[in-house]
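In the two assemblies presented below, chain A is common to both, partnered first by chain B and then by chain C.
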Partner chain A sequence: MADLIQLLTNGLALGSVYALAAIGFVIVYSATGVVNFAAGQFVMVGTFAGVAMLLNAELPMPVGYTAALVVMALFGALFYLVVYLPLRRSPIVTVIIGTVAIGITLQNTALLTFGSWPFRLPSPFEGMMVEVAGAVISVHALAVVAATAVMILLLWLLLHRTAVGIAMRAVAQDVKAARLMGLRVQWLLAFSWILGAVLAGVAGLMLGPMWFADVNMGDPIALKAFAATVIGGFGSLPGAIAGGFFVGLAEVLGASYISSAYKDLIAFGVMILFLLVRPQGIFGEPIQDRG
Partner chain B sequence: MALRALALAAFLAIGFALSLSVSEYSLRLLNLAAISATAVIGLNFAFGYAGLISLGHSAFMGLGAYILAILTTQAGWSPWLAALPAILGTGLAAILIGVPLLRLKGHYLALATLGLNVSFGIVAANWIEVTGGTNGISKIPGVSVLGHSLEGERPFLWLALVVIAVLAVAASLIQRSRYGRAMMAVRDDETAAAMTGINVTATKVAAFALSAVYAAVAGCLFAAHVHFISPDDFNFAHSITFLSMLIVGGEGTIAGAIIGAVLLTFLPEWLRVLGESYLAFFGLMMLAILIFMPTGIVGLLSRLRRPARSEAPAALVAPGEGARP
Partner chain C sequence: MLTTRRTLLSLTLGTAVGAALRPAFAAGEPIAIGAAIPTTGPLSLSGKQYFNTLTMAEEDINKAGGINGRPIKFVFEDAGASNSTAVSAFVKLVQETKPPFVFLSSYSTQNLATAPEVTKAKIPVMYAGGADAVADSSGGWMFRIRPTDSLAARGMAQFVRTLKATKPGIMYIQNDFGQGGAQAAAKLLEANGMAPVGSEAYGQNDKDFSAQLLRLRQKGADVILTFVYPADGALLLRQIKALGLKMPVVASSGSFLPASVQLLSPSDLDNVWGVIDTFVDPSVGGRMADFTTRYKAKFGQDGDAYGLAYYDGALILAEGLKTVGTDPEKLRSFIASQKSWDGIGQTYSFDDKGNGVPGVVVVKAKPGTKTLELVERIRPA
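Let's turn to the complex of A and B:
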């Protein structure tokens, strides 16, 4: 029982990271129709923004976290200008390859800047543990789950209770109609990229203390975020959350109860099964055949 | 017809001249490019003709390579004999996978094939009794013809040139047959294709299986040339590279597949003069090529060759590009 509680907490914490990465991916996809294959590199950039601010610049934690997220917002805006705008009318395959190409650049730039040696990103709850029903649980894992819940709540309020958020949802539903209604579509699309990058940054800052900060961490995260997105439902935010938690739990529970070697096969097997049997995922894609 | 025969002769002549004149290191790269070209000519069936976005191409290459490696090292078969079950088995696997999977379109198909490639890697790395796990399979025998060993970079390149020539001619004949035209019709408009009596599912599965067969040939060449295979040789990044080669060269054309494979094999090497940052530049150059040469190198060349037609916008668009979802 104690083991199970520990595994569930770790699974939920890892799932939170995947969920945030998947949400960032979905926000960009539903607004712009771009299948961003650099989504995992966004998380990697977030982790290393944390490394730069907390370890290299030695900023105090609240300042360092804020600075890292500001860097991510700028990064999202840059990505919008350099990658999205030039490729926005290209066929889907060209966009996929283009985001992969820029992912290679991001990964190698990080390698040149930070080296191949992994970093240990500190947590505000470094070394703190609590005991719940005999299970020893790291406070960081609990904080990750709690922070993710807060992020999801804030995101919901943004999308449903603010003018910007409602305009973003309008753009996601129908770009032409949104433009005819006088919305400044290009600004809203840029804001989607910024929001997606900031969410990936939060995921990266949370993941840093759980894994080592390694320049090669992007691809595994991207693959898990894709699996989460497909399982939950392409383009659906509740789907990205449910899918993220499913993939995180499957990875942690599968590793200890089924086979550590084949733990990743569960997520991808379930993903392929969903594509075959229910391609719209648990929650379904709200908009058909866009992009 | 004459033009295609000329192109084939030119390809063989250039390849043969290069095999005699360049350094051992460049020969090694040319062989890798030739193996990639074999795979990319195959991918052209699935993506170029039938419009199926496959990010699992390198898994089929791996399947072919593993079947050949297991039969030669554990059962003692000759590579020529082992290539048959490797190629046919991979084609059969593609049919079995394709029937359920090819109902998916666009990015759904891309992610499903990507998941398939990742799953292949996980199984290859962990089914240790059969695949040797992450240690891979070593001591795969090389090939020989009539008692002459094709070891070494130069003789192997001759073999690869002949294989590519045969496969390119076959691909060209298929492209111009009713089956090739059916694939392109399905790519451009599924409903219209079905209206004219084309069996859409069978056409897609056939294109997918043909592409897997070519990938398996590439896998056999790879295994026999390098003598060692491991799961990393066939991970999903290679599938993305194959697709990049096809798009950079010019999708839907055999020449584009070959040009793209050669260019993207050599481009990182040429960029090595930039020092440690060469891969970062490689990514940026790829992005620039995609932005400024959307129809690939072959598309650019044909635009230069026919400037008079540039007034008609339709002539600028690669076949089927506008209709792809």
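Let's turn to the complex of A and C:
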């Protein structure tokens, strides 16, 4: 029982990070139609924004975290201006390849800036453990699950209870109609990139103390977040959340109860199964052209 | 005209005086040596060390007069993080630079992929990956400057006996290095009457090891042997402590590189032993102290045993070039004939498979600190 509690906590903490990265994926995809293959590198940039603020600038934690998220918001805006805007009228494949290229550029820029040695990003709950029914659980892992729940709640409130959020959903549904209704579509698209980047930043800051800050950390996250998005349903926020938790739990429980050698096969096997049987995922609607 | 003659005379005189006063700096056409090592991507964590130590060796060799007066010049190609990139890097060096010698990666999967090209090119190479299989496919052209995985595994199995553990569990990275090391260790432990209670794998991109570690605990492991890469080795040690596991850990060399140790706190290293190539510490004194001090001053980081192996390798090569010239066949014979080459990190003795390192050392952090101390030297029979 103790082992199961420990595994579930670790799986949920891992799933939380995948879920946040997947939400960032979905927000950008819903608003712009771009599958951002640099999403994993966005998380890496978030972690290194934390390294710059907390380790290099030695800012106190609340200030450092805030500064890192501001950096991520600016990064999202810059990405919109420098990558998305110039490419927005290009074929969608060009934009997607553009995100791949930018992902590689980001990774190598981080390598040149921060070097190849990983960093240990501090946690506000450094070294804190609790014992639940014989299981030793890291407080940081519990905090990651709680913070993800809060982020999801805030995101839901933003999208359903604020004018900006409702406008974003309108743009996601039909760009032309939204423009005809007088919505400032370009600003809303920019805001989608900013929001995606900030969510990736939150994921990166939470991940840093769990995994170490490593310039190569983005690729595995992107793969798992992509699997989570496909399983949950491309374009669906509840799907991204469910998919993220599914992949996290499948990874940890699969390694424990089936085989550590084939644990990735479980998540990616399920993804392939969904692509074959139900390509719209758990929560997605049947695929149709965007308006 | 007069001015021109005077200028020429002054220049000639100046050059002659300059040359006479200069120490033994090398001049003339450089001897290009290839180095296909990972300088970008996930493997660059250790690849950067090789780049640094080879650069340092180049400067040192040239300052000391080069190769019989000619400077040596390392030409680097990025081996990246895939086998195909490593093979391409080697082939590009061979075709474009045409070097008499090449340094390869320390990642066995890359070296296994490159081995057929080495045999085809008939150029001697040095590499640092531990998988025994590389030596089998080397065709006599590949020389290993780090311990083989089976040697490290023998050292680990031997040290498990010192710890008086009886139920070892093994954790390994799922690739040629990890699988090879884990299999060799399992075989040796079994032969010593300590059959492993479990053997768990993880992928190169994995970051959560809780499932594997808890399985080893469930199976009653009283010591964990790890075959890991540097960053995940550190992460693994942290997660062992985070899960409250109390058994001792005997870790492979990756966990004890400076890049890994800087990620750990002293408590993470409590009850952890490292079976590593050599003890790289200024306290050793002599040439080791000189190397570690100069490396830190030059690159702002601590040098490690992997990088030191490449530095030593470059010095062996330099001696070979001085003695037999740039003919690849003669260079190969020269290196193969070295049976007690006194390097900084090791006394290199190349066997008929090209393996040059005959022993390993056990280290441990001093209690409450991250300062490593030498526990014992193991030279398995």
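Going forward, the second predicted complex is superposed on the first by the 287 of 291 C-alpha atoms of A that agree within 3 Å, B and C clash if a C-alpha of one lies under 4 Å from a C-alpha of the other, contacts with A are read in each partner's own complex, and residues count from 1 in each chain.
Here is the rule we go by: a contact is a pair of C-beta atoms (placed from the backbone, for glycine too) under 8 Å apart; a residue touches a chain by one contact, two chains touch by 3 or more.
No experiment lies behind these values; they were computed from the predicted model shown.
Of the two partner chains placed by the overlay, neither chain B nor chain C lies in contact with A:Leu195.
Contact with neither chain B nor chain C is seen for A:Leu54 once the two complexes are overlaid on the shared chain. Of the two partner chains, neither chain B nor chain C is touched by A:Val26.
Contacts of A:Met271 after superposition: chain B is touched, whereas chain C is not reached. Of the two partner chains placed around the shared chain by superposition, chain B is the only one that A:Pro86 touches, whereas chain C remains out of contact.
Contacts of A:Val230 after superposition on the shared chain: chain B is touched, whereas chain C is not. Of the two partner chains, neither chain B nor chain C is touched by A:Val45. When the two structures are aligned on the shared chain, A:Ile97 is found in touch with chain B, with no touch to chain C.
Contacts of A:Ser138 after superposition on the shared chain: chain C is touched, whereas chain B is not. When the two complexes are laid over each other on chain A, chain A has residues 108, 219, 223, 261, 264 in contact with both chain B and chain C. Contact residues of chain B toward chain A in the complex are 47, 53, 100-101, 103-104, 106-108, 110-112, 114-116, 118-119, 122-123, 125-126, 237, 240, 243-244, 247, 276-277, 279-284, 286-287, 290-291, 294, 321, 324-325.
Only residues 3, 6-7, 10, 14, 108, 111, 115-120, 129, 136, 138, 210-212, 214, 216-217, 219-220, 223, 251-256, 260-261, 263-264 of chain A touch chain C when the two sit together in their complex. Chain contact summary for the complex, chain A toward chain B: residues 35, 37, 83, 86-87, 90-94, 96-98, 100-106, 108-109, 112, 219, 223, 226-227, 230, 234, 261-262, 264-265, 268-269, 271-272, 275-276, 279, 289, 291. Against chain A, in their complex, chain C makes its touches with residues 40-42, 44-45, 47-48, 174, 200-203, 205-208, 210-212, 214-215, 217-218, 231, 234-235, 242-244, 259, 262-263, 301.
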